[in-house]
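One chain, chain A, appears in both complexes that follow, with chain B as partner in the first and chain C in the second.
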Partner chain A sequence: MLKKLFDKHFHYWIILPSIFLLAFVVVYPTFNLFYTSLFMKNGQLGITRFVGLQNYQKLLFEDSKFWPYLAHTFIYVGSAVTISLILGLIISNILNKAIKFRGALRTMMLLPWMIPLVLTGITWRWIMQDIYGAFNAILMQLGIIDQSIAWLTEANSAMASVITADFWANTPFVTIILLAGLQSIPDQLYEAANVDGANGWQKFWHITLPLLKPSIFVALVMRTLFAIRALDIVYALTGGGPGSSTEVLASYIYNLGRRWLRMGYGSAVGVILLLITIMLVFLFMYILKPESVKE
Partner chain B sequence: MKFGKNTLDTGDNINLWQYFFLAIYIVFSIFPIYWIFITALKTPSAVLQLPVNWIPENITIENFFYVFQERPYLSYTVNSIIAAVSSTIVCVVLGTPAAYSFSRFKFIGHRFMFISVLVSRMIPPIALIVPFYTMMQRFGLIDTRIALIITYSFFNLPFVIWVMKSYFDEIPTGLDEAARIDGASKWQTFTQVILPITFPGIAASAMLAFIFSWNEFVFTLVLTLTPHAKTLPIGLMDFIADDFIDWARLMAGGLLAALPAIIFGVFFQKYIVGGLTRGAVKE
Partner chain C sequence: MKKLSVLLIVVSLMVVFSFNVMAQDYAEEITIYNSGGLEHDPATAKDIERFEKEYGVTVNVVEVPWQYQIDKLTTVFSSKSSQVDAFVGSYFMLTNFAMPKWLEPIPFTEEEEKRFSPGVLAASTYKGVTYGAPRMMKDTQLYYRTDLLKEAGLEVPKTWDDLVKVAKALTKDTDGDGNIDQYGFGYLGADKLGFTFRTFLYQSGGEMFDESLNPVFNSSAGVKALTFMSDLVNKHKVTPKGIISMGEGNVGDLFISGKLASVASVPPLHERILSSDLKDKASIALAPSGDVTNTTYLDGNVIFVSSFSKKKDTAIAFAKFMSNYQSSLHELVVEGNNSPNPHVFSDPEVTEKFPEKWVKVLEESVKDVKAENYPFYLQVEQTLRQEIQNALNGTKTPEKALDDAAKAIDELYSNVLGI
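Right after this comes the complex of A and B.
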């Protein structure tokens, strides 16, 4: 009897445990985020008071940090994603050719993506260090500079370091996705183009790029999601400094919520970050219109 | 037009510029990893010598003893292993059957539930640190490994479901039907016929889930306070908090934190790449 019931509703029985767990770790916290953002909740003062949309009002119109941090987020995400997409396109096209040691090359290329991002941040902090750092040493031994530069104490070069660490770590992911896309393009198309006398650039522009669009879409979306949420690299590499020149929305949420225990306000920033993420995904869908994305 | 070209590629052979570009990129990719190794093998004083030594003269493994003896790296390592292994097991055991159900059956709520899984992969974890902190505080789970194991399923479970569904989708349904005709129950069909042939998928999603959990930083930073539950990536920040950063020993700790990545990347790259592409490419 029991066995029969199990077999009849089998599809529900095997899916329910996952759905329960997801409700607990995804659905509930997400609702809780929106709910908490309507409160003034301060863990240090021990206050919880309903304030409606006042957190948002304060955030958008009065907070002197929000807009600069948002701008930093866009600079960081925009540059890191663009650079890794371009690099990924070039590298995947090269790796897709008949090249020796492809396996070994892929391993070497993949490693930066696999190590913990916080280690990435720390390692780049060490490389960019002003006195004993490897980057200054390389530049000096090549004779490009004659005294060491404190890269992480100047706003622009600190941001550039953060962006470099980010695309160093995440370009492999883009490359792997694009490489899989390239390998699914049939060889016949290129052979036909060869017969018609197309050159390499024409083939790339008229065959590779259009057919690669779905993969580019996926890489772009995933890559942006990685960058926009990333606290690890900023936290380890610059700690938001110098001043607040590398503070991003992610680090602002962390500081508000965990360090200063301003839970309600931190949640409001979290909601904004969530909405920005959703808008970006829709924007990419609108621009690239990947037909293959159904579900 | 060229003749006698190879059959694998997009039509043109690799040229000198491309080799050059690739070489520079590989050096850029590999140098920081090499630098972690080299720094970890130098003595703390040799790290602070100028000019910088590109190849260390006196190699030492003293730094590894130091992090285990003088710093709580043993606890960090144990916590990392327990949290990552447990979360991986939970998510693979729960997620694989769910993925099979999504792949094979149509039922009320199918589409809604599946879209929920997809959407949950897009929620930035950092946005949810306040709800997670409050939730774990209410259950008294702050600074415990259980909190980490539960929390990691936030990103692991949707990922495992997503990857495994695409593996199941590739297996023809005729196989299930044949088993059913032979009198197997749905459970038997799943466990005895379908599961064994999706082993590469299970291996791939388990390895990636392990790596994601092992590398996790944001939630762990928020939910842990002491060596009782801190993991290796969080432990690395201990050094950064010091007035004077001890780079050689920090990098020894960093190497420990990077070890699973290096092992999986070097020996199981095929599975990692397979899982990664399926986890991302939508059909």
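Right after this comes the complex of A and C.
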């Protein structure tokens, strides 16, 4: 009887462990995040009280920090991801060509990615300092500026510093994915294009880019996921300042949930960030996925 | 003779028995969280070793970067875990942990309490109960270059006005390239901006909160303090603009490397000076006075015992041991940290190591320190720091920045504490 049942539903039994695993690492935490967001839960005061959707109401309509931090998140993620994608595309194309020391260059290119992000943040904080920072020294030696600039003390330049540190650290990741994608494009297509008299730009636009779309999609989605929840660089480089000009939703969640133990409210911000991330992934899917997959 | 032998045996047995009881009173081991790595904390390491030897207790030390200590401990204590018996924390953590009843009182005797300076003891006391054993302190002193002052024929500044005058004279473009190479004065920025502000606030006669926990740092004294901090950077231009993002280490580096002629900083900067090229070119003085006092804000290390510990007696013995005379002396002599116990300043080890003037300044400084206890230190500090930065980079006026900070903190307390 049991054997019959087992044989009949064999395919279900096979995937059961995976379902349990997924339920444990994905479904339960997600459900718990939403469930916790329905409570006023302050670990420091030991208070837990059901408040329904009040956390969301407060967050969206009363919290003076949420919307500015959301705007900072979009600026940070949008700029850092776009720049690293463009740079990744350029670098991967260069490294895909038969150039000298290609192997060594590929390894060197990975170095920034190997450094822990907190260290990247600390290093860039030194680089951007006004008095002893290397960035000012280089600009002054090149004659671009004649006075030191305190990059980390103004809102815009501090955000630009965070974005710079981020794409410096994460461009290698994009490059690796795109390089793998480039290597999967058959040479025959380029040879045929050569026969047809296509120039470099035409080959890139009509062959490389369309065939690289799946890799770009993967790189874009992964980079966005990493950047939208990134906390390390912001914390180590600016600490969210000056003022709150580089505070992002990830740092807000960290402060609310981890440091201030306002678990319920922090979870509500987490749910909103999760929804934004899901929407972004669907948007990328809609724009970049091949037609066959969309259907 | 026989009677005497019996008596001796009985007494011996009693002594052996009582020693056994004493030994049994203490746990075999305890776990403490230390603020930072022990390799950078040689005095703490030395005293832990002494405690282990004297009490026969093994101390397991978990090294936690000080920036994350509150986060880590909050996570541990909110789950009522007994994994931490005691921790080396900061004075400002007191209310954070005492309010939710996560700390065990330290039963100091009257005699033991007398060891500490009153300001330090007050900073370790919450609602009349002492929860912290003061180990060392970081109060603000003025560190200055004696050679530069002498060269310019200037006296050590004693007031804020003197400070501006001296700092202006010492702010120089030494190589004539149009960039300032030597700033006259610096203070602690970044995560220590609140620390610096509180010192200037107290010196102007202000306070952070009133007795009902209403924020009052936006008083005229507060505005004066923040205006002074801002003016040093933006009006007098004697303090580098980047100070906003420089913490204790960075500012110390600037002084040691000659980029700052004077700095309001905390021990153990003098320890760094003693082992640098500035050894004979720098000295310390009391922080210049504001309108009212030269009180400085008190930070430093204090030992707290967890109320969830299952080895409280051992942990309390540890806390008391780490704050006794010998331990305070080690902090001062080995690491250069100021002592909450004023008696150590006359110890030969201290007078031998530090110039006489430095010892006098440190001793005097300890007498006039202050730290207010208030809840949600981290939230308050972050809000305050953000608004101070807004004032320093000109985004807001000092008055507006402090009003906004007070409003945000008032809302926080009203929402969460129901005040």
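We adopt the following convention: the second predicted complex is superposed on the first by the 261 of 295 C-alpha atoms of A that agree within 3 Å, B and C clash if a C-alpha of one lies under 4 Å from a C-alpha of the other, contacts with A are read in each partner's own complex, and residues count from 1 in each chain.
Basically, a contact is a pair of C-beta atoms (placed from the backbone, for glycine too) under 8 Å apart; a residue touches a chain by one contact, two chains touch by 3 or more.
Only a predicted model underlies this, so the values are computations on that prediction, with no experimental measurement involved.
Applying the stated clash criterion after superposition on chain A shows that chain B and chain C collide. When the two complexes are overlaid on their common chain A, residue A:D146 makes contact with chain C while staying clear of chain B. By the touch criterion defined above, A:Q44 reaches chain C but does not reach chain B.
Legend: residue contacts after superposition of the two complexes on their common chain; A:S244 is shown touching chain C, with no touch to chain B. Using the contact criterion defined above for the overlaid structures, shared-chain residue A:L231 touches chain B, although it does not reach chain C. In the superposition on chain A, contact of A:N93 is made with chain B only, not with chain C.
Judged by the number of chain A residues each one touches, B leads among chain B and chain C. Look at A:K3: by the touch rule set out above, it reaches chain B but stays clear of chain C.
Among the options 45-53, 243-251 or 279-287, the segment of chain C that ends up inside chain B in the superposed model is 243-251. The contact surfaces that chain B and chain C form on chain A in the two complexes overlap at residues 125, 129, 131-132, 239, 258. Residues of chain A that touch chain B in their complex: 3, 6-7, 10-12, 14-15, 17-19, 21-22, 24-30, 32-33, 36, 87, 90-91, 93-99, 103, 105-112, 114-120, 122-127, 129, 131-132, 134, 137, 141, 168, 172-173, 176-177, 180-182, 185, 187, 190-191, 193-194, 197, 200, 203, 208, 214-215, 218-219, 222, 225, 228-229, 231-232, 235-236, 239, 250, 253-254, 257-258, 263, 266-267, 270-271, 273-274, 277-278, 281, 292-295. On the chain C side of its complex with chain A, the touching residues are 70-71, 74-75, 78, 96, 99-100, 178-179, 190-191, 240-242, 244-246, 250, 253-254, 257, 259, 376, 378-379, 382, 385-387, 389-390, 392-393, 395, 416-417. Interface residues of chain B facing chain A in the complex, by the touch rule stated above, are 1-2, 6-14, 18, 21-22, 25-26, 28-33, 35-36, 39, 47-52, 90, 94-95, 97-98, 100-102, 104-105, 107, 111, 113-118, 120, 122-135, 150-151, 153-154, 157-158, 161, 185-187, 190, 211, 214-215, 217-218, 221-222, 232-234, 236-237, 240, 247, 250-251, 254, 257-258, 261-262, 264-266, 269, 272-273, 276-277, 280-283. Listing the residues of chain A that touch chain C in their complex gives 42-46, 125, 129-132, 140, 146-148, 150, 152-155, 238-244, 255, 258-262.
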